[in-house]
Every structure is written in structure tokens, then in C-alpha cells.
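Listed after this line are the structures, all set down as C-alpha cells.
Two complexes are shown next, each including chain A; its partner changes from chain B in the first to chain C in the second.
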Partner chain A sequence: MAAAPQQNKIVRWIDHRLPIFTFMQHELNEYPTPRNLSYWWNFGSLSGIMLVIMIVTGVFLAMQYTPNVNMAFDSVERIMRDVNFGWLLRYLHMNGASFFFIVVYVHLFRGLYYGSYKEPRELLWMLGVVILLLMMATAFMGYVLPWGQMSFWGAKVITSLFSAIPVVGDSIVRWLWGGFSVDNPTLNRFFSLHYLLPFVIVGVVVLHLVALHQHGSNNPLGIDRKGPQDSIPFHPYYTVKDMFGLGVFLIIYAAFVFYMPNALGDPQNYVQANPMQTPLEIVPEWYFLPFYAILRSVPDILFIPAKLAGVLCLFGAIGVLFFLPWLDTSRVRSARFRPVYKWVFWLLVIDVAVLGYCGAHRPEGWFILAGRLSTLYYFVHFIILFPVIGWLERPLPLPTSIAAAVTRKGGAPLGAASPMEKH
Partner chain B sequence: MADAAQPKPMDAHTHDSGTRRDFLQIAATSLAGIGAAIAVWPLIDSMNAAKDTLALSTTEVDLAPVQMGQRLTVKWRGSPVFVDHRTADEIKAADAVDLGSLRDPQTDAQRVQKPEWLIVVGVCTHLGCVPLGQKPTDPRGAYGGWFCPCHGSQYDTSGRIRQGPAPLNLAVPPYQFTTATTVKIG
Partner chain C sequence: MRALALAVALFALAVVPAGAQEETPLPKQSWSFDGPFGTYDRAAAQRGFQVYEEVCSHCHSMNLLHYRDLEGIGYSEDEIKAIAAAQQVTDGPNDQGEMYQRPGRPSDAFVPPFANPEAARAALNGALPPDLSLIIKAREGGPDYVDGLLQGYKNPPAGMKMADNMQYNEYFTGHQIAMPPPLAGDDVKFADGTKATLTQEAHDVATFLTWASEPTMEERKFTGAKVLIFLLVMTGVLYGAKRQIWAAVH
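Up next is the complex of A and B:
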């Protein structure tokens, strides 16, 4: 497969006019990649594959789905019962959303642990945060489409958040709804945007990859590549590793799709939407729970009423990620060489898990306190601990090069056993 | 490419600040920018409630079958409206409240046209859930009005917020009694 573009006449003819083969050769085949990437580096390509799966299953679902309040629920039931393989398309799409978020969250925490957001990858990181925001909007609107009870009331509660904005809040909410409540106009626009946004995500992903290829991947040591002894070509080494990871991932994904397709969903969403009756408990999908907990936990802050404060913290929780490259004052990227941050990182993981747990329960009893403390910690972590640890911590000595750290011979060019020669 | 051969306009007229070409450039770009911004308005406004949605905004209710102490739910603009045929005790309880203790101070008289008929929009002013209390078996909260299951807001027999996160009283929709026993909401 390593055929150089010059070898085939047709390939050469095309490449001369549209340098697509040169481009692929350069970006995939020769693209020098650190030789020490771990399996945590699989989650980027997995995210890309999930995006493709979501778009493909979504386009085919849209051929059968009807965005009208009187027909939407029935059209989804028809997809499940009557359309050939409709159940498969829907379960792939429904569980696909969950797995997309799992993969992206792991990808994001990987970045946090190994300092992948630091110079020179600040824009790469910020584009990732933009993708996360777009994904959240897409998933939120997609969940409204089947028009179950949770679809309706989730949409109602989340859109009502904007009414917290002083003065113009109510007009904004009515503008979002296109009427006086979540209703047919709302469903129609959500379908339109749910179809559109994934393609916007594709665009941002392209920018994300351009930024990635500018400086290449970070690696578990967090030090720059210093020469050819530190890199291997992306193909075949990482294409193979990515494929293996994909195989494992697909087994787990398929186990959910085929054996427990509704395990991650809420049974209330198999009840058709009823605007006159609120279900006893409104719970978002699991991937929104930590943010939902933040929204509900925040009390009145000074002169800001709780409702507005909750909304501000909800958006702030993601907004703060944009500033990480500047909030982190440590010049060392990888947590491996940061004896304090290494542990504090896990506090964040625990904190987000606690938030998620609180988000799934009514804010009563000790959940109120746990929700408030974990919300407080989330912001303290980024806004206070990040800069302070960077100042106070004394990092361990960094290895002189990737090769020195990961090979016994320490830096002898990889070519000795000639795995790089592919012909 | 052609530019290279041309004299730099800056050299031709060096007034104290900028040239005529600078002015034209700034003026043209600003105008195009303003034009583009204005062109966005029809797109945004198309998402506001359409005329037919606005036209659907009245509901007639026959009050004759509603007994004293009974509560009726009707649909108005896609949301529930609570019609409460209040008992004398409930009216008295609503009147007796000290305004100073209210988050959104309003007298009961400001919220009803006829004291025995309380008509309010059944949408919690916190985040839009439908409070419980319409059915006799529902919880009504500590103040005898309505209880919102979502985050625990409690409303009194005048639909005023008494406890919980909601900031405002249940809204009173515009309505008028068209006969002694029918009311037009909206």
C-alpha cells in the first residue's frame, strides 16, 4: 500500500492535476508520529469513526422519520417495528451518541493528563472544545426528535434556562420555541439543526486535524520529537494500532446495540410526549449529568439569583476549558513528570463522577451538599489549582529524548532492525 | 501581480491621516458589513412565532360543570391553564397572607377577577414544569396550592410562590368572563 504516487500512470495523471495522492502520502504514510504513543491515543481516531457512524445512520433514519408533533413518536415506532433493519439503525444511532461521548470524554481527559493543550497546541485544544459544544447541541436536539416524555420535558427545561437572562430572557425563549411552548415549530427547527450541525462538526474536525498535523501528536512523555530516532511513520504502525483498538471498541459497542440497547436510555422516552403532564423526575442522558448537577446545585451568589447563577456556571464549566492553556502555568506537559498534578488530576476525575451521580438524583438531603461541593471543586481545580500547582510544583527531570526514554539502547536509530523499510 | 507595477497610492497623496483610497475601503467594507448584518434579521425573525401560531391564542372555557373545590385544566397556547373554583377557606387563606413575606408580592385581589375563580398558567416559573395539585390525589405542598415535582417549588391558594427555587408567582393569563359561566382565555 505504500505505493508512491509516481508508480501508477493514472495515479500520476490525477496527482498532477489534483495532488490528492501526494497529500495522503504526506499526511498518512510519511507523517512522522512519536514512537511511544499509548492506547490512550486511539480515542481521536475512534471519535472520527463515531462521527461517521452517526452521520451514516442518521441520514438513513431521516429517510423514515417525520418531524411533526402528531407523527414523530409513531414514525420512530414504525422505524423500530416495520422498517427493514430500522431497529438496527436506531439502536446504532441511539447508543452511538453515548459511545461518541464516552470516546470524546476519554480523549479529553487524555489531553488533560498529558498536557496536550499546552504550547504549541492551544488552538488544537480550543477547536476540540468547540467540537464538544457542537456535539452537545446536536445530541440535545436529537434527543428531542423521538418526541417522548423525556424528549419534551428535557427540551422544555433546558430551553427555559435562557429565561434566566435578565430583560430579554423571555423573548429569547419564545424565539427558540417559535411559539408559546415547546411545540411543532420547535420540533421542526431542532430536526433541521440536528441534520446540519454534524456537518459543521465535520468542518471543525478538519481544522482540528490541520492544527494537529502542524506540530504532530503529543505523547505520553510530553516532550518534543528531536529527530528521526523519536518517530515512526503513521502508516502502518498506527493505522494497525488504531484498527486493533477499533476492533475492541466495536465489540463493546455491538454488545450494547444487540444485547442491551436501552440500558443507557430512560424508559420514560417510550411514552409519547404530553405537554400537560410532567414526569415525576426529569433526568438528561448520562453524558449531560455532571453539567446538569452543576446547573441545579448553584445557590444564589451575591446579587445573582440561583437560576441565572446556575446557567452561568453551566456554560462556565465548558467555557473554562478554553482558557486551560493559560491557566496552567507549568511548562512540563506530561503528568508523569509532575508529582503533584499527577494526583490532583484524579481528583478531577472523581469530582466529575460525583457530579454525574448527583445529577442523576433529586437535589435533596446530602445530594445538595455533595452537588455544591463538587461544583465548587470543579471551578477551584481549573481556576485556582491549575496556576498555583504550576508555580509551586518541582517537576521531575525530563528524559533527553523519546528514544532515550523508551528503548534500552537509548537513542540508536530505529532502523537497525529495519522495520521502517517496507519494500 | 499587476500591483507590483503600479505606484503605491500612499505615496501619491500623503495627507495627515490616510488617503482617499483608505476612506473608500473603510466605507465600502463597513457598508457591506452593515448590509450583511441587516440581511440576517429576516432569518432570525422567521424563527419567531408565526402568524397562525399567534392567531391560535384564545380558548373558551365552560365553567358551569366545575364544582366548588374542583380544579380544571385547559390547554391554552400549548400550555396547561389551571382553573380553580376556590372554597371560601382557600380565598380567606390567600387574603390573609402578609405581603412582606412574599417573594413576588401581590395581593390576592390583584390576581383574580372574581374571588371564587382563580385562573393561572400551569407552568412553573422556575424551569417550566407543570406543578401537581390539579387532581384531588395530588400533593399540593405546604400552602394548599400547587407543588412542582421538578425542583420542589410550592405555590399557595392564590398561585403565589412561597417556597423553592421559582422566582415568580404562577402567571395570570389575560381572560374575560363572556357570560356568568364562560370565560375566554387569551
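Up next is the complex of A and C:
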């Protein structure tokens, strides 16, 4: 292995024993990256940065937060009022959850459009779905912590879902609650798990990155790198591009944190939890609305009662993502060269938006029909359209190489010789 | 793919106004604290505090506030001492093991009108007045809602059956509210000589309550301006750096 050209004696001493500098040199400087990644490829690093922001603000919040049903609500308000910059920590964390989901959802749809889940990146994709599941659990439990009305009733509705499981359902719910209702033991365990799970996510993210670096990034053309003319080193090209994207992202995030910190939240959560008073509407945070719509839309299916069917579809909606690499029968990755899939992809985007809209409303009137149809489409999209389109579609001819497709001259080898690379 | 951004934006727009339906639309007021540079009008907030003290505090607690917090709307230390001292606070136990009453101090929390919710219900025909510390953030419409609510009492429409001890209010969900009209105009004599019309009182008390809901708002906006300026400059520089570094690749 070509050791990093480190001049510094101390660095060399350390690197000889713990090859951390070689590792960084290898994974950042030499790591070959397709030269044609678009800004949609920024959302991976943005997700990682959001995870760090959530952990840092969360750890500081936890220093002042009290997980007790009588004190939790007031302790959060104490953070808002009396802790120096406590309002900033809290608003960063609260809006951070929303922005984390925005970023991850864009990242995921990027993967769907450009076929990033296909051979040889199946495990990379599946690890991503695991991260999504863990994030959802984390955000759900975090939302319970401020112990507002929506915290309490959201927790109650979602945990009660498990009672739909035949025979053992009620026991499971009591076990989750640690008692006969959502109460202090529930809040305590949610706090404990809310603290733990983000670090589990970090672990899965590491695996996600190992899997990524094995074959490198996919790219908007969806074709493999064929030689040095197709790639550039990650640093400085993508470090600077990611940093610029981060700047734009932070501007939007900061606009929310500082100027409309409660725009994405529910006013009901500024009312302390009251187990005796059910709110008129129990709605989850926006990032769960499509799933909530699926849960509430599903009718009785044959002998399965609606409640159980709803729960199964809810988990199925994420579970189906694990199977995409095999449900998609097309060998072509990028939708750019898939004349049919290219359009069908947008149907899914619209479908999820409709689901989200239905999730925000009571299942009444035409919302019932809209919810059911969009739930049906969601599954048809993946389970039927994915394989069928793959079989029937005639993809456009693929370019011979990335360089040939994206540069005027067909591309001279780049990277190692670039002026920025010389130390 | 660019259309995805649009879809995300449309999606966000579609979801936000959920919930506010089939109610009388709230008149949108103009507030000193509106917008990215808005601050609390100290005089209005002080008048609002006076309304709260003299009217609302007979029924509503504000448990999250301390008298010292009133510095935030421009009261001086001495004024705050006097405001606090006008209240009797239960303290103790003393060395005899007994609770005792003493005049309030700036570090005390606002003294609640009732010892517990049961006492409040017993005094108010079974109705429970909510704590007002966070009321602005806890209601759709915030200050516009409270302002409207205080002025929204009407005679019930013909044919509507009102429950006992209930009042018709245009802006309350379900229109039957257990709070008797708290303001009618001239309920207080403002220290600064402003005429105490109903509109004025409602507007001022809503200003006070907004401050109470979020005393750190001014610091938030001020910090936000600095952060955004920094981010804009940083992002501009990074854009330049990106263009330069990538020039050779394109």
C-alpha cells in the first residue's frame, strides 16, 4: 500500500502504528468518484451532517431535560426560557428532525430515480432502509419527550397499534408501556431509547459507508466507471461541492430555526399532556403523514380486520423497500435511459404527496377514497409496475463511458495531475 | 429531477394549512413583533400586563413566568419589586414546621389564582381556565386568535341551543365557551393614559401574552440575522471556490 506522503515525523510515527492518515488519504484523496455527480448527490453527506447536529444538540438538551411526567413539559420550557441559548438548542433539534427527514427522503428518491439500489449496491440500499427505520423510531420517541398533548396521544395511538396483533397484542402493548397506560415508565424508557438509537444509527451509517466505498457512488448516467478519465478524486472536488451545498442547506434550515421555528410543529404540543382530554385531531409530525394515511386507509382485507391490515401495510410500506433490488427487473440503472420508468417515478412522488395530504386529514368523505387509492398505488408501484416495466420497457442506448457523455473532448484523465492535488 | 424540489415544496404547502376549516376566518392584525425584524412593543406589553393583572389573573394562572421576567418588557427593578410585593406568597415550612405567607419577591413565580384545578372548577361552574403562559403558541392563529376571541362574543344565532353558563363566541371551536366575556372596554385605567377601548385592551393583552409565550424571540431574531449573514457570505465564498476548483473538469 502506498503510504501517504506524510512529511511530519509525528504523523508518520502514528500512521505506522495506527494507519489513520493512510486511511483518510485513501478514502478522501484517492477515493475515485464519478466526475458527473449532480447536486442530488449532496444529500448523502447532508444526512450525515444532520445526524451529527441531532446528536450534539440532543446531548446538550439531555443535560437539562427531566424525563418525568410531572416535570418533562416544564423542563423543556425551562430550556427555552432560562438556559443560555436553550431556545437555540431546542429549535435546532426540533426543526432538525424535520430537516433530517427532508434530506433523507430526497436522498432516497434520488436512489429510486437513478437505480442506486441495483447490483452491486443492494446491501448499501438495504442498510439505508435500516437507517430510515431507526430514524423513524428515534423521532417517534423523541416527539414523546416534551410531553405535550400530541406527544402523549401520538404515543398512545402508535403503541396501541400493536394490540392489533392477534392473541399476544395486548400483552405486547402493556410490555411496551411498562404499565396499563402511557405513563412515567413509558416516558423513561422512551428517553433511554431515544438517547441510544442515534448511536446505533451511527453504527449502521459506518456500514453504509463501507458498502459505499466498496464500489463507489452511482452517478446520474447509472453506468460504471470504466477508467481514470471517468473519475476524479473525492477531495477537493466533492468536498467543496458538498460544502457549498451544505451552505445552501444551512441557510434554509436557519431560516426556519430563527424565523419560523414552530411552522412545522403542532400548536397542541404546547399544551401539557392530559390523559383525560383527547385532542380533536391526533396527527403525527409531517414526515410520518404518508405512513399514517396508509395506516388509516386500509379497510378489512378478507378475514384480516382493518386495524391489523393497516398495521401490516404500514410496516409493509417500508418493508417493500428492502426487496426493490429484486423487484426491479431492469438492468439499466438511471431513469434517464428508461423512457417508461422515467415517468412512472413521478407517479410515486405524486402518490406519496397525496398520501401525506390524506394523512393530515380525518378519513372522511373523499379522503377515504383518495387514501385507499393512493395506498393501493403505492404497493402496485413497487410490486407490479417495477417488475413489469423492467420486462417490457426498451431502454435507450447507454453512453460508452461517463467521460464520453459529459465532456466536450471526450475527457482527458484528470485528478492526480490536477493542480489542487500537489501538496 | 429538478421537479422533485417543486414537488417537495408543493407537498409542504399542501400539508401546513391542515386543520383550519369551517371556522369564522380570524381577522389578521398587524403586530409589533411580526416579521424578521419585529420586536415587542414594550408600552403595549406593559399595558397588556396591567390587563392581565387586573382582569385575567382572577381566573388564569401563568405558571411559567417569574416576576423578574418582567424586566423583558421594560419594567425597572424597583417596579418589579413593587409588583411582586403586592402579592402574598405561601412559603415555608419555617422552623416551627409551618407554612406562612409573605410578600412576593422578584424571584417568585406568578401567584396563581387557585390552589389547584379542583378549586378553579369549584369557583367557576365546573370550567377550568387554562394556564396562559403558552397560550399564544398553543393555539392556531396565536395572537390573532386571542385578540379575536376576546372580542368575539356575540348573541348566539337563532335556533342554537346554548348549554348552561356558556357564552357564544365566534372564534372558539364549537362556539360555546365557558369564559364569560372578560373585557368590555374601560376595564382598566392604563397607567400611561392610553384610552382603554376593548380593541386596545385585547390587542395589548395579546401582545403581553405573546411575549410571555416566547420571551426569547428578540434574541432569536437578532442571532438569526447574524447567523444568516455569516452563512450567506460563507456560501458565496464556497460557491466561488467550487467554480474555480471545478473549472478544469468541465
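The rule is short, and it goes like this: the second predicted complex is superposed on the first by the 406 of 423 C-alpha atoms of A that agree within 3 Å, B and C clash if a C-alpha of one lies under 4 Å from a C-alpha of the other, contacts with A are read in each partner's own complex, and residues count from 1 in each chain.
Criterion: contacts are C-beta pairs under 8 Å (C-beta built on N, C-alpha and C of every residue); 3 or more make two chains touch, one makes a residue touch a chain.
Here the structure is a predicted model, which is why all the values come from computation and not from measurement.
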* Put chain B and chain C onto chain A via the superposition and say whether they clash or fit. => fit
* Asked: A:38 contacts which: chain B (first), chain C (second), both, neither?
  -> second
* Asked: Should A:323 be classified as contacting the first partner (chain B), the second (chain C), both, or neither?
  -> neither
* To do: For A:271, select first, second, both or neither according to whether it touches chain B, chain C, the two together, or no partner.
  => second
* To do: Of the two partners chain B and chain C, indicate the one touching more residues belonging to chain A.
  => C
* Asked: Of the two partner chains, chain B (first) and chain C (second), which one does A:350 touch, if any: first, second, both, or neither?
  -> second
* **Partner chain in contact with A:109 - chain B first, chain C second, else both or neither** => second
* **Superposition-derived angle with apex at the Cα centre of chain A and sides reaching chain B and chain C, degrees in steps of 10** => 70
* Asked: Which partner does A:257 reach: the first (chain B), the second (chain C), both, or neither?
  -> second
* **Touched partner set for A:280, first chain B, second chain C, both or neither** => both
* Asked: Does chain B (first) or chain C (second) touch A:174, or do both, or does neither?
  -> first
* To do: Using the touch definition from the top, say if A:379 reaches chain B (first), chain C (second), both or neither.
  => neither
* Asked: Which value in Å is the smallest Cα separation between chain B and chain C when the structures are fitted on chain A?
  -> 7
* chain A residues touched by both chain B and chain C? -> 280-281
* **Touching residues on chain A, where the partner in the complex is chain C** => 35, 38, 40, 74, 77, 80-81, 87-88, 91, 102, 105-106, 109-110, 113, 232, 236-237, 240-241, 243-244, 247-248, 250-251, 254-255, 257-259, 261-263, 267-268, 270-271, 280-281, 283, 286, 289, 346, 349-350, 352-353, 356-357, 360-361, 407, 414, 418-420
* **Partner chain B, residues of chain A touching it in the complex** => 153, 156-157, 159-161, 174-183, 185, 189, 275-278, 280-282, 296, 305-307, 363-364
* Structure fact -> Seen from chain C, its contact residues with chain A in the complex are 1, 3-4, 7-8, 10-12, 14-16, 18-19, 36, 63-64, 69, 130, 133-134, 137-140, 142, 173, 213-216, 219-221, 223-225, 227-228, 231-232, 234-235, 238-239, 241-242, 245-246, 248-250
* Name, in rising order, each residue of chain B that touches chain A in their complex. => 44, 47-50, 53, 57, 73, 75, 77-80, 123, 126-130, 149-152, 165, 167
